[in-house]
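Two complexes are shown next, each including chain A; its partner changes from chain B in the first to chain C in the second.
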Partner chain A sequence: MFFYLIKRLIYAIPIALAVGFVCFMLVQIAPGDPINAIVPPDAPQEVVEQVRRDYGLDKPLPVQFGLWLMKVVQGDLGRSLATGRPVWSDLHSAIGNTLTLAFAASLIGFVLGCILGGLAGTFRGSLLDRMAVTTAVAGVSVPHYWLGMVLVVIFSVQLNWLPAMGAGPGGSADWAWDWEHIQHLILPAVTLSVIPMGIVTRTVRGIVAEIMNQEFVVALRGKGLTSWNVFLHVVKNAAPNALAVIGLQLGYLMGGSILVETVFSWPGTGLLLNSAIFQRDLPVLQGTILVLAMFFVALNLCVDLIQTALDPRIKRA
Partner chain B sequence: MRLRHVIMAALLPLALSATGPAAAQGTLRIGMTAADIPLTHGQPDQGFEGNRFTGIPLYDGLTAWDLSRADRPSTVIPSLATEWTSDPNDRTRWIFRLRPGVTFHDGSPFNADAVVWNVRKVLDRDAPHFDPRQVGVTATRMPTLRRAEKIDDMTVALFTSEPDSLLPINLTNLFMASPTHWQALRAQHPTAEATWNAFAANPSGTGPFRLTRFVPRERAEMTRNDNYWGTKAKLDRIVLLPIPEANARTAALLSGQVDWIEAPSPDAVPQLRSRNMQIATNPQPHVWPWQPCFLPSSPLSDVRVRRALNLAIDREGLRTLLGGMMQPAVSTYPAGHPWAGNPTFQIRTDKAEARRLLAEAGYGPQRPLTIRVQISASGSGQMQPLSMNEFLQQDLRTVGVNVEFDVIEWNALFTNWRNGCGHASARGAHATNVSFSAMDPFFSLVRFYDSKMAPPVSNNWGMFNDPRFDQMVAAARTSFEPAERDAALARLHAAGVDEALFIWIAHDVGPRAMSPRVRGHVQPQSWFVDLRLPHIQ
Partner chain C sequence: MSTSAATAELAIQAKTAVLRSEGYWAGVWKRLKRDPVTIFCASVLFVMLMIIVFAPYIAPHDPFQGSMIRRLRPIGTENYPLGTDELGRDMLTRLIYGGRLSWFMGILPVALAFVIGTFLGVIAGFVGGRTNMLIMRVTDVFYAFPSVLLAVAISGALGAGIMNAILSLTLVFVPPIIRVAESVTTGVRNLDFVDAARASGASAVTIVRVHVLGNVLGPIFVYATSLISVCMILASGLSFLGLGTRPPEAEWGLMLNTLRTAIYVQPWVAVLPGVCIFVTSICFNLVSDGLRQAMDVKG
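Then we have the complex of A and B:
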């Protein structure tokens, strides 16, 4: 297990390099100029050139990439072109906010997904199954941002029950798990949860249905186990596969909430990426994507390790 | 629906009392279009929205815009300088007399040393407090300013690279930060860059508000400066919230999370009005044009074609399309503006005359004119570029002009603006659709009409080159009496209209929506607002 862990950590290095390189090149290929984050387009040419030199944007691309890489290795993600603030200071608060949102959405999505999927798999072909499948398909198909806007119109604008935007009355810096703050979390978390809910429902349904047809379930019933005890065995067998899907979804939630965070002005990594893209803020873009990619790698590693712990048949070496 | 409004109106006083003491004391919560709080160190980013919300409220310049009236164009007025004059013996030297008795938020005095220090922060690369990050947003707005020199405690001399009568206008963009406060922070931070970051979190200017809380990317809170040298603000507190998504801003206003939003989308205006929200509009010094290419290969190099296009556009129809959220543009400055002049070519909708001019230029049913325009799908100041351009496309078809669009990303369109229409990035476009601010004559006239401003120097994208215009620009920049300077600018502007140097289409009206509780707001004919005026009822 230890060597497996070390091997996976070593694998993360080329992944990080590749992510950093691809992100750097994509920004360079995209039309526009990062200098526009600092200098208005109507600036005199000598000012543009001077600022370009000040920020090292006049250097050849491999040199720029190399300099960035050197800093990253030393734990410095650089400074935002637009604000001058260290990338890490913005990123670290944004990650906290996105984690809050992602975990809330995961909780809703995974709990509902497991319940619906479990029921649908157990009672396959029933009305309950069809309702669960319909809900899952709708969850996967509905565009995030559209659902977010509809929820805002209903619950914020019309009913005035929940806030439409932000991460609390004083911003995320004052975040606390009290109603005043949690009410800001509800709409974005519900919006973000529908896709994982749909995917988990369908996955769990398939796994449960498959396990229910296996011979050991018939044997357990033949031995006289109660339905609840049989269900526990099914859950234990379904857990590793379901966990793999849940782990992937959590990774997607971390990096895939740009639209939802923008609709709700939730100050997470998605909103940070959104503004960095529009401003061509290269250091913020590279730093954020790199950290998210590393988070994804770490999450997959955790899922693998938990899977191994849950199911000894899965051998890692 | 009506019953619900009646019930809501009945419950409003109860709701207001439940919102807590902050609202009752006059806290204005503003939803900005920016995705981040504009920089607070004294030279804001995020375009003019930055100056509007973290520039003017926290800082003052030597000169300022008069934002107290809605019924006339904003003009430059004294601010931290009470008077100024150009040295008749050396037109590159300006003398500014400073306002006595002004103090920064930290209590230190404002004087000539502070002015010199603030000029050096962006222009003197050897100054210990030089900040390259502030150069981009400052030096660009004061292209000729070179240095400052103290004459006495309350008098300072500013030097320009060439005689430039526009300097006092440009200086509205140079905000005065406190040198004393910066030095105190410098002692606690290892580098000038780190000190400026600390200064941004805890700034000190001379403005009517002082920053009391700053959460990057989320909120900035400002409280009234009770020691302000001028008319004090009525509000106790302002909370700035970045809400870049237009629907989110509208929802935040309708759900009572904010009291004021910038730029509601035109589609949302009827709904906002139906919920008793106030919609404030006024023509801004902003132009949404097609800027022609003047190279010989471009059909728009022919003045008859440019005039025809200007005459063919149904601007009132476009205004209807935008729900009234625009002002028809027939020139850069509307009639009555001090820099408007008296053009002989009167732009209006006259399709018959447009067809005649096109025929005279050799275009007609047998030889239809086809032009290609580079546009963006969105962008700051671009209003609703896709629907507006599609309207123009249909409209111009009625006079036999086919319009093709090259739709590119906003940042790319901006970048291309500095390349010129002969550059590969123009991809054969005959016009570009980049909106611009007309606050300052350098940015509204000079950079487009002066042949020296051709790319890569500035934004003469169309490569316009006419010695007559170069002479008029020089005359305007060397007329130092305000009346004489205004007259020279008016002649330049009128000549530009006569030559149809743009296809003028729309002026933005700077829409903002606000709760009925907001009172006293004046919507000036400007990109800026005076936040000392509104209060919460």
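Then we have the complex of A and C:
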């Protein structure tokens, strides 16, 4: 296990570097001179040249990547073109909000998905099974940004029960766990939860159905265990794989929440990305994507390690 | 008991043998015909395709002709059965025309990724060794991004535009197809008939063309069809963010975007483009599931 941990950590380093390289290239593939991504378009020529030298943009590409990487490792993601503030200062509060949303959404998706998938897998072929499968297909097929709009129409416009926008009263971006804030969280979290709900339902149904067909379940039944006790055995066998799927979904949600955040004006990384795209604020775009992708790499690593730790059947040393 | 089970098994074997003797595709078709959900969804998709192909003959109005005096009419208005949008353009017409771009942007990236991904994946799986290492490790890097994020990142950097959106979506779907193609090819490569072909002196190109491709294209194709629905949602999502298509073009995601402010005035008109995306995407998903079952693809 210890060796596996070390091996997995070492393996993550080149991936992280390559992810960094892809993010670095984002500014390079942008049409026009990359210098335009750093200085405002109306800057005088001397300033442009000065910045070009300062940023090392007159050097060959690999050297530029090295210089950029050194800065990033020290936490310097550059400055926003639109606001002039360091990218990180806008980013770190946004990440908190996105995490809150992604976490709430995966919790809802996880609980519903496990219940639906578990029931469907246990009672294969029943009406319940068919309903769960339909819900799962609908969950992965629905354009969630549209679902968000529909929920706003129903619960905010028509019924006036829940707020449609923002993360707190008066458009404040600071999160707190009280009802004022939580009611802002409900609609975006539910909207975002449909994708993991569908995927978790599908996966859990598959896993449970497979386990139910295994001989040890028949043996447990034959031994005279109650269905509840049999169920506990099934859960124990299904949990590691299910957890892996859910962990990855949390990561997908962090990146995928951009559309839902746009619909609900949720002050997270998605909204930040959206405004960066509109203003062609490439440093913000690059920084946000880098941080989110790194989160995803780290999460992948954690999921892998936890899965190995939980499931003694996986020997990966 | 055991004899009856054995007989049943024999009967099943006999049945599969009969199916096999009819040819693989005849068997697939036979199974598809017995699957009402798949047939229904395929018909819905076919009707949609016909409508968007013959849009100029079917659509009642001009998709770009607006009018300031009849903006945001409700559903059921005379002459405008689905109402009008924020610039007074007929919703029905724009939904019909919008399907053209939405379908195009949902299918083309997957088709391109299918070609590129199969090519690279089969090479990685068949050649193995260092080539495999190189291709698969590069694939791993793209796997380190959530797909939405990657699509948004690339088209965000490249700027708005249909071609940029298609390029970024293709890049998003190549790595998963490579993975599937590689794993299927690796499975086929070690089978006896490939060894036999090699022993009989067939060149690598012939083996790949005759023996490998024939066995891997089916599973990869089924996997690719399951990506169409995701691609359509992503493509509309990009347009919804203002990447992808640009106004005044009719595209479902973009229409949702421009109608977003109208949800307080005509909520049910504003959500119509999403209904189209939803129906199309769920149909593609179910057809893909049906194909997977009919073609007996595992995984």
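The definition used in the following text is that the second predicted complex is superposed on the first by the 265 of 317 C-alpha atoms of A that agree within 3 Å, B and C clash if a C-alpha of one lies under 4 Å from a C-alpha of the other, contacts with A are read in each partner's own complex, and residues count from 1 in each chain.
The rule is short, and it goes like this: a residue touches a chain if its C-beta (ideal position, glycine included) is under 8 Å from a C-beta of that chain, and two chains touch if they have at least 3 such contacts.
Given the structure is predicted, the values throughout are model-derived calculations rather than measurements.
In the superposed pair of complexes, A:Gly251 makes contact with chain C only, with no contact to chain B.
With both structures placed on the common chain, the touch criterion links A:Met149 to chain B and to chain C. When the two complexes are overlaid on their common chain A, residue A:Val39 makes contact with chain B while staying clear of chain C.
Contacts of A:Val157 after superposition: both chain B and chain C are touched. Of the two partner chains placed by the overlay, neither chain B nor chain C lies in contact with A:Phe231. In the superposed model, A:Val51 makes contact with chain B only, not with chain C. Using the contact criterion defined above for the overlaid structures, shared-chain residue A:Thr262 touches chain B and also reaches chain C. Judged by the touch definition given at the top, the superposed model places A:Arg280 against both chain B and chain C.
Across the superposed pair, chain B and chain C both touch chain A at residues 30-31, 149, 152-153, 157, 262-263, 274, 278, 280.
Of all residues in chain A, only 30-33, 36, 38-45, 47-48, 50-51, 54-55, 79, 82-85, 89-90, 93-94, 149, 152-153, 156-157, 160, 163-167, 170-173, 262-265, 267, 271-272, 274-275, 278, 280 touch chain B in the complex they form. Chain B contributes residues 35-36, 39, 45, 47, 132-133, 135-137, 139-141, 143, 193, 196-197, 200, 215-219, 241-245, 247-248, 251-252, 254-257, 408-409, 411-412, 414-415, 417-418, 436, 443, 447, 456-459 to its touches with chain A in the complex. Taken together, the chain C residues at the contact with chain A in this complex read 137, 140-142, 144-149, 152-154, 156-159, 229-230, 233, 236-237, 240-243, 253, 256, 260, 263-264, 267-268, 270-271, 273-275, 277-278, 281-282, 284-286, 289. Interface residues of chain A, counted against chain C in their complex, comprise 14-16, 18-19, 22-23, 26-27, 29-31, 137-138, 140-147, 149-150, 152-153, 157-158, 251-252, 254-256, 258-259, 262-263, 273-274, 276-278, 280, 282, 285-286, 289, 292-293, 296-297, 300.
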